[in-house]
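One chain, chain A, links the two complexes that follow: it is found with chain B in the first and with chain C in the second.
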Partner chain A sequence: MVDALIGMEVHVQLNTNTKLFCRCPTLSGIPNTKTCPTCLGHPGSKPVLNKRAFHYAIKFALALNCSIAQSLVFSRKTYFYPDMSKNYQITQYELPLAVNGKVVLDSGKEIRIKRLHIEEDPAGLVHEEISLVDYNRSGIPLVEVVSEPDISSAEEARDFMKKLMSILNYLDIFDASSGVIKADVNVSVKKNNFERVEIKNVTGFKEIERAIEYEIHRQNNEQVVRETRSWNADLGKTFSLRKKETEEDYGYITEPDIIVRQIPKLVIDKLSQEIPELPAQKAERWVKNFKIDSVDARIIASDPQVASLYEEVAFQCDKILSARWVRRELLRVLNTAGVKLSDTALKAYHLIPLFKLLERKEITDRTGQQLIRELAQSPFDVGLRVKNDGLSAVGDVSEIGKLVDLVLDENVQALQDYRKGEQKAFEFLVGQIMKKAKGRAKPDVVRTLLLEKA
Partner chain B sequence: MVERIASEVEMISEQTLRQVAANSRLVLSDEEVKAFLVQLQEILGFFESIKNVRADVPASFIPVSLSREPADDVARECLSQQEALSNTQSKNGYIKGPKSI
Partner chain C sequence: MIQEYIKRVQSGEDCSEVIAKFFDEAKRIENYNYFTVLTPELAKEQALLVSKRIKAGEFLPLAGLPVTIKDCICVKGVETTAGSDILRGYKPLFNASVVQRLINAGAVIVGKTSQDEFGFGGFGINTGVGFSPAKNPLDPSRVCGGSSSGCGGITRKTSLAHVGIGESTGGSIVNPAAFCGVFGLCPTYGRVSRYGLIDYANSLDKIGSLAKDLGDCASVMSVISGFDEMDETTSTCPVPDYGSFLAKGVKGLRVARIKEAFGEGVDEHIKNKVHSVITNLEKQGASIREVSIPVVAEYAVPVYYLIAMSEASTNLAKFCGMRYGQHAPLKGSFDEYFSAVRTRHFGAEAKRRILLGTFARMAGYRDAYYLKALKIRTLIIEEYKKVFCSSDVLVSPTMPVIPPVFEDVKRLTPLQNYMMDILTVGPNLAGLPHLSVPVNKEWVGVMFTADHYKEELLFQAGGGCG
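Take a look at the complex of A and B:
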């Protein structure tokens, strides 16, 4: 038995132009300027489903290996709070759009998806002495993905979220620049008989991980009652929010204003065909056909832009070398700079000549690293740069030999240490020679000459 | 009539009434609870007559036949802020609501 059971309820904003039940745009901006009688909940207004949101939700469900319901049924969830002017949220309850899916983590562990449903977002609130309500957000389409409590640590929760995000990026149904991913996280620990505590509205991967870590620690050290808590990112703590309502309190009824419609198999089949090759399948194919490292494959495949760049490059260059350089150098450079590939002007045709030079050992790895750093900032013609700046690898034995002699003269102590059997001293001397050669000396020639002369 | 229904059919308990009121953020006095309990039981009692209706027809969630097709994802004109805020109390373009936390 595990020590913690964690279930996630992840709310994803779908990247549509208009709201779920009216045609107001899904834009923020000046408060209460993107509203109509429907999203303001005026009496007599009627909801009309957004076809694109409906289709996006089906695609997401299919990508999560869910079974799709035969009919689309909406329900009213009644609650009294200023963010919902109708005093009910249109959601799905008795019959969700999809059930019984799964997400496979990097470790191979399967996290079961209990259900996936469509619902409308409530309004945005600014909390002062009173609540200030902005109904621009009211009615924005959301998909809620509910996992079974199969997650047992904060790391697994992060991996689960990463997998969801990666699939959303491939399906292109979520705009990370404007959309928000929020999660309600249910945490319970063995020490307290798995009494369930829900942490509401945690935003962002890092905060989800922190909130879970905090909550597991708290529950292992305090008496736990069943309750809803909120996460305060500034203080790094959860706080008791209110006594949790039961599902019964929401008084769900079937939404009478929206027709119960069949979901034809034809529609599901058509949407299924529109789903691109997903990251897990892509990585598996690369490992099988390209023989690349499985971790390299998984990491490159997780981002559709990077995956597409890799496929283009690998078509012309050595596939294993390309994978190694894309994952270990290009992604490292992008991560360090805090940017995504799509934020840069870097294209496959910039990398292909670089990887070809590396393949033929015409430039050293060090030069390659330097060029990738510069390419990510502002692309250029790699061949021309190597020629103009004299960056070609130096393999000339007499030229490198002179540098080896010079370094040995300057580093007598390191030489003695090496002769006493210290391998670290040898690597130090290699580093010094490379430094003098400004990274251009061919490493194998340097090593051979150093072995001869030391 | 009212007394008869209230005594014969315990369709809503005082506890349920108080719970529903609390969920709805309503504060009820004991007198109101007493009065509403009788009234609600009367209202719910009318639904008892449904038992006399034929039940061999399919369940219908939707009272009228609708055929509204899902709409294309194309934006239409919204209300102006002034229109959206009319008949409300507002501050800086926001609608004022009750304190919620």
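Take a look at the complex of A and C:
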């Protein structure tokens, strides 16, 4: 038995051009300018379903291995709140769009998806001296994904979210730069007989992980009651919102203004064909066909841009070397700089000559690393740069021999240490020689000569 | 009747005079309480535009026709309250699709007609706070029926060419049509767009027309029916020229008399009148048979009220003193604020239906009431469908009684009140088109019901009533 049970309800804003039930744009902007009678809940207005949002949700469900319902039925969830234009939310209740899916974590563990449904986002509230409502957000399409409580740690929750995000990126149905991901998280721990606590409305990746970490710690150290809590990101703590005797009663009825649509198999098949090869399948294929490292494969595949860059490069270069360099060097450089591949002008045709040079050992790894760093900043013709700046690897024995002699003369102490059997001293000397060679000396030649001369 | 007038306007006669007369008349009968608002300015503008369009060579099927709109249907820039105090001052930003189609066809909007608050009633007496009930045009001590009460009243009372746009959830078109002695047609659910209709119960609401002449109903129905991209529930089924069915005759028409509609609780006087109409149809060659619809008779009223109130209680949630309509000084919590606004500005029947409707859809009761009602609704539709395999139209009285005097209505319990709908809720629940035909222009109506999207059969049957 695990120590913690965590279930997630993740809300994802879809990147359609218009809202779920009206033609207002899904853009932010001056408050209350992207509105119409429908998303303002004016009397007499009626919702008309945005078919694209519906199709996006089906694709997402298929990518999560869900089974799709035979028909699309919406319900009204009634509760009074100032961010609700109609004081009911159009959502799905008895018959969600999809059920019974799964997400496979890096560890191989499966997190079951209980259901996936479509609903409208409420308006945004701005709390100043008084509270103000911004209806620009009202009616933006959301997909809610509900997991079973199969997650047992904050790390697993992060991996789960990463997997969802990666799939959304591949499907291109979520805009990470402007869209919002929110989650309600259920956490319960063994120590307290798995009494269920719900943390409402945690926004963003990092916060979800932090909130879970905090909550597990809290529940393991104090008395737990069944309740709903909120996450305060500034204080890094959860706070009690309300005690929960029973489930809230939303008095659901079927939404009568939206017709019940059959979801024909033909439509599902067509949408299924539009789904690109997903990260897990991609990684699996690479490991099998390209024989690359499985961790390299998984990490490269998780981002669709990086994956397609890799595929292009690997088509012409050594596949294993390319994978190693993309993951360990390129991604490291991008992460350090805090940018995404799409933020740079880097293309496969910049990397191909570089990897070819590395493959043929015509430049050293050190030079390669340096070139990748520079390429990420602003790309250039790698062949030309190597030629013009004389960056080719030096393998000439007499040339390197001179450098070895010089370094041995300058580092008598290290030489003595080496002779006493200290391997560290040998590595130090190699480093000094490489430094003198500005990273261009071929490491195997350096080592051979040093062994001879030391 | 209106066709003669429309032809004159179409051939160049100025309609402003008739429009002006309409307002004079409306003023004279002000104490009948048929209007929540009159729109002389708007009408003047529209009349001018009609003249211009005709001069420019346009053909307008409703050229210059004065039309009244039930208050629950949005007219851009004109106070629209659905008869409720909570919406006082609300001026919609858009025209209901029906209103837009009427204007496009050359009709002139002359005013909004009074009603039971949000449509919650069958006598026109459940008016919102500060509104007055409409009086029967044939005897002002009696009710007009409802909920399209003002619509029924003005349609009978005016001496001018006119068609009233009404709305029915459980019988609110045929009921006042019968009580006021005019024709009332409620089309198939989905035949006319509800975009711009302030919802009572969205799965039941239908917009239709009331007129002194069946041909007038037909002219207007042909204009307002049809698919609308703003209302998903509208049908793409083609709209026939309804007028062409009026003189078709009833020879061979299969008319089924509903057995349960002539039972206990229906005035003998009314049964006799309706029977004479049936005999007349038979003489003209209609084949008459009797059918029984026991599920409808037994369950339609409770099922109707459960579904209608459940939906209504969610529809009314949006009226909370934010964004539009009545406001109050900002005080206390959000809950305290909206509760205060709703307590003050909703009428008693609206409150009753919110409470009952909310109860019926709450956990623990939802299965027994709301969900069960939905299931029985399906059975009711199936029962009707079976009957229509061997019949073209069903016939029954529209209302079980003649319009009561105000004093008597006040003595009815809510339950007795709801039972008045016994004959009309069936077709409304099933979304079937139905027509009330006045017998001898008196306050007794005979009701025909047809299968979905078979409005033309109603015009055919109605045309045979002479």
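We adopt the following convention: the second predicted complex is superposed on the first by the 445 of 454 C-alpha atoms of A that agree within 3 Å, B and C clash if a C-alpha of one lies under 4 Å from a C-alpha of the other, contacts with A are read in each partner's own complex, and residues count from 1 in each chain.
Keep this in mind: a residue touches a chain if its C-beta (ideal position, glycine included) is under 8 Å from a C-beta of that chain, and two chains touch if they have at least 3 such contacts.
In this text the structure is predicted, and so the values were computed from the model without any measurement.
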> Are chain B and chain C a fit on chain A, or do they clash, once the structures share the same frame?
Replying inline: clash
> Which holds for A:Ala98: it touches chain B only (first), chain C only (second), both, or neither?
Replying inline: neither
> Between chain B (first) and chain C (second), which, if any, makes contact with A:Tyr252: first, second, both or neither?
Replying inline: second
>> With both complexes overlaid on chain A, does A:Arg76 touch chain B (first), chain C (second), both or neither?
In response: second
>> Touch test for A:Val48: chain B only (first), chain C only (second), both, or neither?
In response: both
> Counting only touches as set out at the top, which of chain B and chain C does A:Thr16 meet: first, second, both, neither?
Replying inline: first
>> Output check: A:Ile151 vs chain B and chain C. Expected answer is one of first, second, both, neither. What do you get?
In response: neither
> After lining up the shared chain so the two structures overlap, which partner does A:Lys86 touch, if you call chain B first and chain C second: first, second, both or neither?
Replying inline: second
> So, A:Thr33: does it touch chain B (first), chain C (second), both, or neither?
Replying inline: first
> On chain A, which partner's contacts cover more residues, chain B's or chain C's?
Replying inline: B
> Given the superposition on chain A, at which of 219-227, 291-299 or 453-461 does chain C overlap chain B?
Replying inline: 291-299
>> Counting contacts the way the document defines them, which residues of chain A are shared by the two interfaces, the one with chain B and the one with chain C?
In response: 37, 40, 46, 48-49, 78, 80-82, 130, 133, 249, 251, 254, 256, 258-259
>> Under the definition above, what is the set of chain B residues touching chain A in their complex?
In response: 19-20, 23-25, 61-63, 66-76, 78-81, 84-85, 90-101
> Contact residues on chain A for chain C in the complex?
Replying inline: 37, 40-49, 76, 78, 80-82, 85-88, 130, 133, 247, 249, 251-254, 256-259
> If you look only at chain C, which of its residues touch chain A in the complex?
Replying inline: 73-74, 80, 82, 87, 90, 92-94, 96, 194-199, 201-203, 229-233, 310-311, 313-314, 317-320, 322-324, 330, 334-335, 338, 358, 361-363, 366, 370, 374
>> With touch defined as at the start, can you tell me which chain A residues reach chain B in the complex?
In response: 16-18, 23-25, 30-37, 40, 46, 48-54, 73, 78-83, 125-127, 129-135, 245, 249, 251, 254, 256, 258-260
